[in-house]
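Each chain gets a letter, A, B, C, D, E and F, in the order it is written, and its residues are counted from 1.
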Amino acid sequence: MKPRVIRKIHRADLDLVHQLGEMGVATVHEAQGRSGLMKPYMRPIFPNARVAGTALTVSCHPGDNMMIHAALSVCHAGDVLVVAPVADSTDGMFGDLLAESSRAHGVLGLVIDAGVRDTFELEEMKFPVWAKAIHAQGTVKATAGSVNVDVVCAGALVRPGDAIIGDRDGVVVVPRERVDEVCLLSQQRMAREEQTRERLKQGELGFDFYGMKDKLKALGVEFED
Amino acid sequence: MKPRVIRKIHRADLDLVHQLGEMGVATVHEAQGRSGLMKPYMRPIFPNARVAGTALTVSCHPGDNMMIHAALSVCHAGDVLVVAPVADSTDGMFGDLLAESSRAHGVLGLVIDAGVRDTFELEEMKFPVWAKAIHAQGTVKATAGSVNVDVVCAGALVRPGDAIIGDRDGVVVVPRERVDEVCLLSQQRMAREEQTRERLKQGELGFDFYGMKDKLKALGVEFED
Amino acid sequence: MKPRVIRKIHRADLDLVHQLGEMGVATVHEAQGRSGLMKPYMRPIFPNARVAGTALTVSCHPGDNMMIHAALSVCHAGDVLVVAPVADSTDGMFGDLLAESSRAHGVLGLVIDAGVRDTFELEEMKFPVWAKAIHAQGTVKATAGSVNVDVVCAGALVRPGDAIIGDRDGVVVVPRERVDEVCLLSQQRMAREEQTRERLKQGELGFDFYGMKDKLKALGVEFED
Amino acid sequence: MKPRVIRKIHRADLDLVHQLGEMGVATVHEAQGRSGLMKPYMRPIFPNARVAGTALTVSCHPGDNMMIHAALSVCHAGDVLVVAPVADSTDGMFGDLLAESSRAHGVLGLVIDAGVRDTFELEEMKFPVWAKAIHAQGTVKATAGSVNVDVVCAGALVRPGDAIIGDRDGVVVVPRERVDEVCLLSQQRMAREEQTRERLKQGELGFDFYGMKDKLKALGVEFED
Amino acid sequence: MKPRVIRKIHRADLDLVHQLGEMGVATVHEAQGRSGLMKPYMRPIFPNARVAGTALTVSCHPGDNMMIHAALSVCHAGDVLVVAPVADSTDGMFGDLLAESSRAHGVLGLVIDAGVRDTFELEEMKFPVWAKAIHAQGTVKATAGSVNVDVVCAGALVRPGDAIIGDRDGVVVVPRERVDEVCLLSQQRMAREEQTRERLKQGELGFDFYGMKDKLKALGVEFED
Amino acid sequence: MKPRVIRKIHRADLDLVHQLGEMGVATVHEAQGRSGLMKPYMRPIFPNARVAGTALTVSCHPGDNMMIHAALSVCHAGDVLVVAPVADSTDGMFGDLLAESSRAHGVLGLVIDAGVRDTFELEEMKFPVWAKAIHAQGTVKATAGSVNVDVVCAGALVRPGDAIIGDRDGVVVVPRERVDEVCLLSQQRMAREEQTRERLKQGELGFDFYGMKDKLKALGVEFED
């Protein structure tokens, strides 16, 4: 495949994406059938980082951040940068200057399967980042890559314009055409969980109301005093 | 071995366990002869998490949290859940609903050789957790396991009712029948350390009062200007 | 090589080292030609840890902290302990007592390619540490090693007296004879970055002012709508 | 997404796939623009394992191999099983019995982002496997999953029917609709490499015939005696 | 716990242990209820290594092999050394001289949660070893430890005299008092597997004879053409 | 530091280097005081790989092999390529064409803190390689680096012209000015080991002739029946 920068993409509806963001990663991941979750090594660089936006994808050479600059030339307000080097890397490909530039154009945050630096300044800016590593290691601007193509980032397939939701539990991707459905399923799940929470607080046991005792006995589990 | 849920176990004395908790993981680990410590990948999910209680052990299939529900059906106030999947896993097997249920029954915290989710909510609840990973990945409720059997969790043998102490330095297990002795040894160690601390603050050197210079010379170390 | 403790070393100028510390790890690493950075697994034990001092190096057996005591017998105010076991280890070789002793003699912090413990107390003392692991695992005082010899710590060569700068982005080493030059280069870099930051805040794109579009086209990248 | 088993898929042409297999992973990966390669942790379980076939994809719960059985009910001769658990796992989900069954139906090999067992027997059968781990850990048959849906396996997107090429250098995926083009590009690359090899054997230097000296000088590299 | 060397232990019956060894790790692990398996990072140092013997356990300081020497002073013919340092280590604690000594006293092999060296010579001697790492890193003989106490090795509890079975699939521990029962269960399992193998070779599908289609439909899996 | 290619370096004496190679990595590492060993993740790509030569060092950008070409333009017969990218990488930076070119100029092998590819062909050529990963991932030729400068490779400091010894136990570096001394020390060690081996074969115990029983008792170890 030839490297390329695609300017026009279809993006998920931002209002729905924000609703997904308020419900959080665990709920959305469950609601869409336990799919779309990135690997657990993707961690926020400060504890209360949260983001919900549309994917602006970058496929690039490890240790080379030129294509992130290229991505900012075609970004829209509400986008989240999703950077996937073509091979394993922990280099600090993004820092506070790129965050300033991102913010000036309405880009909400960064999800990067590599490293990030200037993390003290990024927290001061409240610019949310999920990364594999924090590392000052500098990068070059020398090799070609692509913007707004399908990428695999930290084990999840991300297509341009998909919804990206990040919080302390990780990062989940919702395909842009399923945002409406997943939003509804997430709300239903939250309502059910609210009821369950009340019962559990009162001391009822999931073990009892899910009927697990019979299930365990059927599986051969013995209960002993 | 057949899977089984054991209801009645011997538990370490909770008063002594709390005393161990106040002295902290590093002291207790040293006092009992540098044993019982879990692997360093077990990290608290918020910085000031602390726990001291008796082990409620769970042996389960990776990615399946049914046996955690079963464990809550036989828990006592003062217990700490110790969850050990039979194979490597980072799935988020425990979240805020299970924490609500745990708290409703007096379970003090969780030590899990796998993942945990809803970590923002867990910190708000001040429900302490030590885990291998933070991951939203959901689990099923389909396979048998055991409650209150001996398990190996993160490299440490844990028997039901053993004392579990967790803080920022990790998690240590004290065999239930040694809690009395280890408590005394920990207190003695703390007293000695207090004296040492004062001398070090005054500028004395461990190098001098431990007589290390002679020892190093005997080992062939040369001192050069 | 025979194990040895070297008392007198050449140290980088502390005023310059402090200036480097104020500019931070990412800037200094770039200014000296992207060299001297330790591996990304070296993390501060609390978020706002910062240090800038001269290297007091320790080469020791894994799981044995006797040579750290020996190092404190030859330290100077302004030093930073740099501890490099001769083989991989995560043991907690340093705790609050050693920190008290370090502080009493003017040692500013610790960089250790192994574990550390008493991390709650170390944060209370505001004693900055960069480590590979947090682990209560205790150590012995039984085997010979060296103080103030060249070591490789977390992938970086450190010679006694070199400048050690640590912050949230990691740890960088500046050779003691280059501190003057690197300080100047860092200041120049910061000035340039300040100008760039202003332009980016105004909405200018690095993509445009670095002339990347032509470069990408020359590399065969296609731009599509 | 609902779990599902899809019986009819489009497969890459097997003759072309075999030609790709003869040219090997490194060549094919380069020819298609350095894409489609799985992570380096995917290793063959015996040194001379080689495979070239069409992807029969399996998305399953970690530690549960029921969907591999389901996949064999819809396989075609020439397929390669590509198994991607929805979360990290090292369990031995496949052994010699499944290999017998695979072979009886013409399935050529296995690529699994998890563990494998009975590796001695698999080598005796010359049944090629690429896996993340070798582990005897047994699995259950309890939870739903999907067959012949798009999966991400070891960092690479695999769609049902894509070409899967494996050898000692790893595993590469070629999209089924590009097999023709990539085959041609691979042959061209091999022809070019053959010429280069001859020149290099004669002692010519890539440094010279690629004109690197001028390039390096332009990049500021100094040549010193 | 005080360090100690225990001379007399109860050992599993060697004839039964050898029978377990012939059936292999995967079968024995399954037969005893999927328990007792060491972590997948434990690999044989040559492909056809096999061992079956009784555990001679060593708990020692990382990087110190004195207690292995102590263990050989109390070994019996038919033992397998099981070495578990008290903290993570990859040091090469065992080499060809210790193998010569082991062999002279009837010790059959080594299982070590650390490193090993002289691996070329060990293969020439056909001395089987399972280890976490191959590393020339030398060790000292300076600190106390224990012989023939319960240890956790690579995630598995090993008690002195337990059966240790190792092959290409890993290492499994059978409690000494269960050897008889597990031997019988393993034989039954092998007989069943032999029948299954024949059916699979004939082209029958596990999917059919395990009745999985109904099970999958009950779990909500859809079958599509 | 400016990137540079240094043409003339001092090399260790090749006759002595070959003698070191015959004695092997473990012996040489011990003889020079347990120093100079690379990390255990550096593995030979085929079991019987051996090398002994003088270091031709390369410092380069991850994923960019241009400087390896540059190194071959200044190599001497008897050299071993030592490639150290400035940041973590597993890319396959070296393959069979570079091996052909290396061999044409007398370069004996490769030690690379990154990946390698064409491993089947490299084994056929008997071109020995020690690497962190086997990966087909291709690289670019775009960024500057240095040849024949000091590098840290897999945790070991390597200076141009140092002796590099590799075998199945790993890779060790001997400083070029110590080759004579280390050769002698290695021979002495081998002679001593030969005597020890004979005694051990006869059934004598290191435990006895090293006097460990008294040492253990002095350390507080109890002997129990």
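The criterion applied here is as follows: a residue touches a chain if its C-beta (ideal position, glycine included) is under 8 Å from a C-beta of that chain, and two chains touch if they have at least 3 such contacts.
These numbers were taken from a predicted model, which means no experiment stands behind them.
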Could the interface between the copies chain B and chain D be described as same, meaning over half of its residue numbers are common to both, or is it different? same
Determine the centre-to-centre distance between chain D and chain F, using the mean Cα coordinates as centres, and give it in whole Å. 31
Taking each chain's centre as its mean C-alpha position, how far apart are chain C and chain D in Å? 41
Expressed in whole Å, how far the mean CA point of chain A lies from that of chain D is 27
Among the residues of chain D, which are close enough to touch at least two other chains? 2-3, 34, 40, 86-88, 90, 135, 137, 143
Which chains touch, pair by pair? A-B, A-C, A-D, A-F, B-C, B-D, B-E, C-E, C-F, D-E, D-F, E-F
Chain B partner contacts - residues on chain C that touch it in the complex: 2-8, 46, 66, 69-70, 72-73, 90, 92, 95-98, 100-101, 104-105, 115, 117-120, 123, 133-138, 141, 143-146
Chain F-touching residues of chain A, taken from the complex the two chains share: 61-64, 86-91, 135, 137, 140, 142-143
The residues of chain C that touch chain F in their complex are 1-3, 32-35, 39-40, 86-88, 150, 152, 155-157
Complex contact set, residues of chain A against chain B: 24-26, 29-30, 34, 37, 40, 43, 47-48, 167-170, 172, 193, 196-197, 200-203, 205-208, 210, 212-213, 215-216, 219-225
